[in-house]
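Can you read through this structure? Questions will come right after.
Here the chain labels run A, B, C and D in written order, and each chain numbers its own residues starting at 1.
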Amino acid sequence: MHDLGIGLIGTGFMGRAHALAFNNAKAVFDLPLNLKLAALADADPQRARQCAQSWGFEASHSEWQQLIDDPKVNLIAITTPNHLHFPMAMAALAAGKAVYCEKPLAVSLAQAEQMRPAARTAGVVTRVGYNYQHNPMIQLARDMIRRGELGQIISFQGEFSEDFMADPASPWSWRCEAAHAGGALADLGSHLLAMARHLVGDVEAVCADSQTVHTQRPVSTGASEQRVIAVDDHVHALLRFSNGAQGTVSSSWLKHGYKNHLSFEISGTLGTLAFDQERLNELRLCRVGHCGFQRLLAGPELPGYAAFSPAAGHQLGYNELKTLEVQELVMAFAGQGGSGTDFEQAWAVERLAAAIRLAARERRWVTLTEL
Amino acid sequence: MHDLGIGLIGTGFMGRAHALAFNNAKAVFDLPLNLKLAALADADPQRARQCAQSWGFEASHSEWQQLIDDPKVNLIAITTPNHLHFPMAMAALAAGKAVYCEKPLAVSLAQAEQMRPAARTAGVVTRVGYNYQHNPMIQLARDMIRRGELGQIISFQGEFSEDFMADPASPWSWRCEAAHAGGALADLGSHLLAMARHLVGDVEAVCADSQTVHTQRPVSTGASEQRVIAVDDHVHALLRFSNGAQGTVSSSWLKHGYKNHLSFEISGTLGTLAFDQERLNELRLCRVGHCGFQRLLAGPELPGYAAFSPAAGHQLGYNELKTLEVQELVMAFAGQGGSGTDFEQAWAVERLAAAIRLAARERRWVTLTEL
Amino acid sequence: MHDLGIGLIGTGFMGRAHALAFNNAKAVFDLPLNLKLAALADADPQRARQCAQSWGFEASHSEWQQLIDDPKVNLIAITTPNHLHFPMAMAALAAGKAVYCEKPLAVSLAQAEQMRPAARTAGVVTRVGYNYQHNPMIQLARDMIRRGELGQIISFQGEFSEDFMADPASPWSWRCEAAHAGGALADLGSHLLAMARHLVGDVEAVCADSQTVHTQRPVSTGASEQRVIAVDDHVHALLRFSNGAQGTVSSSWLKHGYKNHLSFEISGTLGTLAFDQERLNELRLCRVGHCGFQRLLAGPELPGYAAFSPAAGHQLGYNELKTLEVQELVMAFAGQGGSGTDFEQAWAVERLAAAIRLAARERRWVTLTEL
Amino acid sequence: MHDLGIGLIGTGFMGRAHALAFNNAKAVFDLPLNLKLAALADADPQRARQCAQSWGFEASHSEWQQLIDDPKVNLIAITTPNHLHFPMAMAALAAGKAVYCEKPLAVSLAQAEQMRPAARTAGVVTRVGYNYQHNPMIQLARDMIRRGELGQIISFQGEFSEDFMADPASPWSWRCEAAHAGGALADLGSHLLAMARHLVGDVEAVCADSQTVHTQRPVSTGASEQRVIAVDDHVHALLRFSNGAQGTVSSSWLKHGYKNHLSFEISGTLGTLAFDQERLNELRLCRVGHCGFQRLLAGPELPGYAAFSPAAGHQLGYNELKTLEVQELVMAFAGQGGSGTDFEQAWAVERLAAAIRLAARERRWVTLTEL
């Protein structure tokens, strides 16, 4: 069995989540490749060394370019701040290495538009971390839709809301800067847009409205100095899908009561299906002729679930979605399928978000091909 | 105590619901006027007589104009098919009588625009049957919003979906005719638009998308002959409120799993509040600083509830909302306040629905003042 | 059509609920008898007169025995305090009149044991107001069980909890006196016991545990003087049914968060069914082979619902359950079936409650035939 | 930092779950000891070698006694079939090694009664895998109870039901043998009993009822040959706690619709708290003076959660509860606290289950000290 050498850049929360996911994927899946945690990079050499040791990486680097150049590394996992995704991914592609980049693909549509042909030219596997898609319940939803069990899809209504910026005293952070892909739409909503595309398909036109409710925030927690905020606090949009379905999406980081409310309802001529990430092991389903919604609980009849538990109802967690994403990535690298969002798809998500921003700014319907 | 003579036109489901509501209002409220069920009209004289007797009306008429002219009748309740609302209400106003008309106010905005000044000129009490507003839980929601308990209102997201036309074999009916105020938006969505206005206030601009999924239906149940359908099966819209709040509304009569899903979520800077008519005795509420949604159950601390039960959790039903609407109507007639949707407000609902249809047709934002 | 003359004793909340139910039953059902609200009795003659007028009764009495003797009265509805149920019902039976008594049948098993043969001897229709049974969803549950759709019944797990005595400062009332059928078990739990018998059948043995948590309470709201409380604040019991099913019942009036939580789950070899009175228009159901619970919403396919609304999801309320109880009562009087709890059944409920109290006191299993 | 050498016996589902938990505990916690995956034992030497490699263990053994004797091993993790828990744990204790045994402690109370003093004599850390207790939401519930936030505890009502034996064609397995700690009470219910003790404290007396509904099952899937089944399919019991609280517990493996329904409601004089393992990241809470239940979602304010995610609402899964259990185990080994169920506590759980069986058999209340 061939080795697949993993090089991880970044040691924050998502860096650790990647490390866990690579380790756990080895333990729970029969992978066609031998995952080797080859090297880890962090600008602080001591932290790089220490994390490499705790997380099981063989080597560490303080320069990310060294990691990309490391011949034992075949796949570059990027978990650094958003503005670094572009240079790191472009360097990895230039070196002919596979790339597994956290979302967003880039901090501007202009960057994404360079990354898309670069990936195509490099001819390598690329993935962007829209890990919510790897939930077995989402896979089930997608399969049901593809098999026509909901009939013709009529409508997608989605929302991704949280409350972490609801307090006007929540301070400014990079998430408040458009140049770092900040704002409720880019930060949260993009997960929802990716999900809508994953389940229903391409979007062809959008109209939208959005608002910055809190136009200034403290520069840091408790500070009296304020900083002007220009990114959206919430957004509502209409979507027109290529297959004729119509929909709404909403995203807010001001909505009291929600912590991870990535939710949607998809209705078709033969049924309705609903999901909420805050109860990620459940789907609500109503098929034609049944008189009410049924709650489906994740169980081992779904392959992604069975990898973690032989018994239904035992509940997967967020980190296991990441492990499932790694599995798909490895399958793709081995040329054995492997679903997930590649740079082409991730560019389409960025373009869709950009179209929504444009539609909100100009208060008109925007056709995706305009961008 | 003065008498208030009620004249009821129509003996269908809503006619009976009105009769029950008038009778029950007498029994449960301390009204400032003595409700007299003076007369009932139905084109079929025998049915008119029979219903009058069962429901406790003193007289019956087979000509509705006779009922309007009946000197014992002070208030005309109209529960006939939609296209008759206009002539009956106009005749009642011309006779200087109060009018309590089922929704919709009229079958076209043109009609509504005549009824509005006619009501103003007549100077009488008018009400349109948007009975869902009279739910004590809605009253509580409205009071909370008005008292500022949710802070500045940021967003209203509403939906009214049912499944009664989900089957493409569900036959044509008057509800499928624009000339009878048919379509998902007019039939269902107008309740939601009225609710949005009731709770959040005037809407100033809209954008929308809509679709007729099943473009023909059998002329009657089981018939092979088909009739072309032009009204919307579902609609999605963006709303911009005058107070700066933004929102979405959706309405569908094709959505499997829903029977009376008039639902909304209102988020403000200090909290979020959610409601679903399928659980009409509940509100979900999350205030700032609380870590999750709380379920409030209707109880006798709400005056509208206390009229029906001295103990919480005993649940009001749909018909009791109608009884509460009658109470407000009587209070208004007696000059003692009395909330509810008068012809002015009902015209605004019709204009809003018309704006949504225009926005969907022309695929652009429409300002309400355009209409 | 013959008349059925109603005589109502009591003008409190339940008196009014009866009056509403008789009036509404006339309006919504095609009854085989002509309901006449013949007379109303209250010890206060002025109140009797006034309520008779508001609620549509033809005559009023200040002596309840007069009402029983009134030849226009065929059926005596008793809504007075619990300790009066016995003398009034016995007098009515002695006069050969039908009796519709609010629950409980009596304040002691000894009384109930006199009422049972008295009813049999009188040969009249008797009913006790266990109105929750008349919910169309409960009727559906019962029909499903009887048709074998849940297979062999294995288990009944029920609870009736409220919070109205949770505050130790909630004052003493007659509900705190055993001599008035007070205590959580008698006041709330008896509804649950009646429901268990209605759905699953006779109980043959019980074991139980109970407690008085707050052993004294103020004599009245805010009073410093305390009164010793001897009745149970909460009870748990095991039930062994005659058909082999086993179960648990719990009742508490101390349980924070519940307002009318009469709930149960019935499991059989072919399915599980669950209900909560706080959402009285819903049943949760999981049939064999289905992978999760389904929510059923009440709709017009259920005859009891259709009487009130032609459309699903419109929700019945508590008072409409009372109207449905009246319908069954009238059907029984007309000799046309008519389900409901008669004195025989109500005695069985009292005996069951007494057995639970005995089992708790003696800390042992008690066979029902011991009592 | 000292090493803690882990020796794992068993390579089934729970073996792998342990391996994942040890690996992940290293990555997510700052542990006071250096976890070394020293050795793994499986009777099949090839499987032992292969699993050791996949899961990161340094050595493998085909004889479990070798693993116990391995000087690099300080702690023995036992994940073998139930009847092997006793000999393995006793051997480990005899060797002076710490023991981490999957539940149940043993297959009979007699065995458990030998293990309890053996553990005391050995003076080592012992733990039994009641991993559900390590859920941060359960920790929160326990802390709230201990801090008195629910007041005096009045009642514990618990249930652990699943449906995996609901089909009478589900074949016989070791779970159907009392000699392997089979039956719904031992297999599922013991988790609930451990939880009741964890949250409310010692139980002093019980009464119970139980039943074998399906008295024979196929010897294997699809076989026509049947095997007689003697263990309970479901049980209901009353509990009397030492602190005066009273309760019910139910357990069934026949209950359609449930997959992992370990649920409970605890009511006290100041509030009610409810939990369901099928939604393990949630607690429902109603405090005195609040008018309804509130849903709490797990978040990083709980230390156990923060180890896995910095953001609320991201959901822990079952396997992460296991990782949290390992953390507590390591803390205990390091002498730094460390909660969890030791052999003393696990013996008390076994005794409680035995008391329930005795009470059901003899149909009487059983005091725990009788056993």
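To be clear about the criterion, a residue touches a chain if its C-beta (ideal position, glycine included) is under 8 Å from a C-beta of that chain, and two chains touch if they have at least 3 such contacts.
Not measured: the values here are computed from a predicted model.
In this entry, B-C is the pair from B-C, A-B or B-D that repeats the interface of A-D, since more than half of their contact pairs coincide by residue number.
Interface comparison, C-D versus A-C: the higher number of contacting C-beta pairs is recorded for C-D.
Of all chains, the one whose Cα centroid sits at the greatest distance from that of chain B is D. Chain centres here are Cα averages; for chain B and chain C they lie 35 Å apart. Averaged C-alpha coordinates put the centre of chain A at 55 Å from the centre of chain C.
Centre-to-centre, using mean CA coordinates, chain C is 42 Å away from chain D. The residues of chain B that reach two or more other chains are 258, 290, 292-293, 297, 299, listed in rising order.
Interface of chain D with chain C (complex): residues 152, 154-155, 157, 159, 161, 166-168, 207-211, 213, 233-234, 236-238, 240, 244, 246-248, 250, 252, 254-258, 267, 269-272, 284, 286-288, 290, 292-293, 363-365.
The touching residues of chain A, when paired with chain C in their complex, are 290-297, 299. Residue ranges of chain B in contact with chain C, taken from their complex: 13, 16, 19-20, 23-24, 26-28, 54-56, 162, 164, 258-261, 277-281, 297, 299, 308-320.
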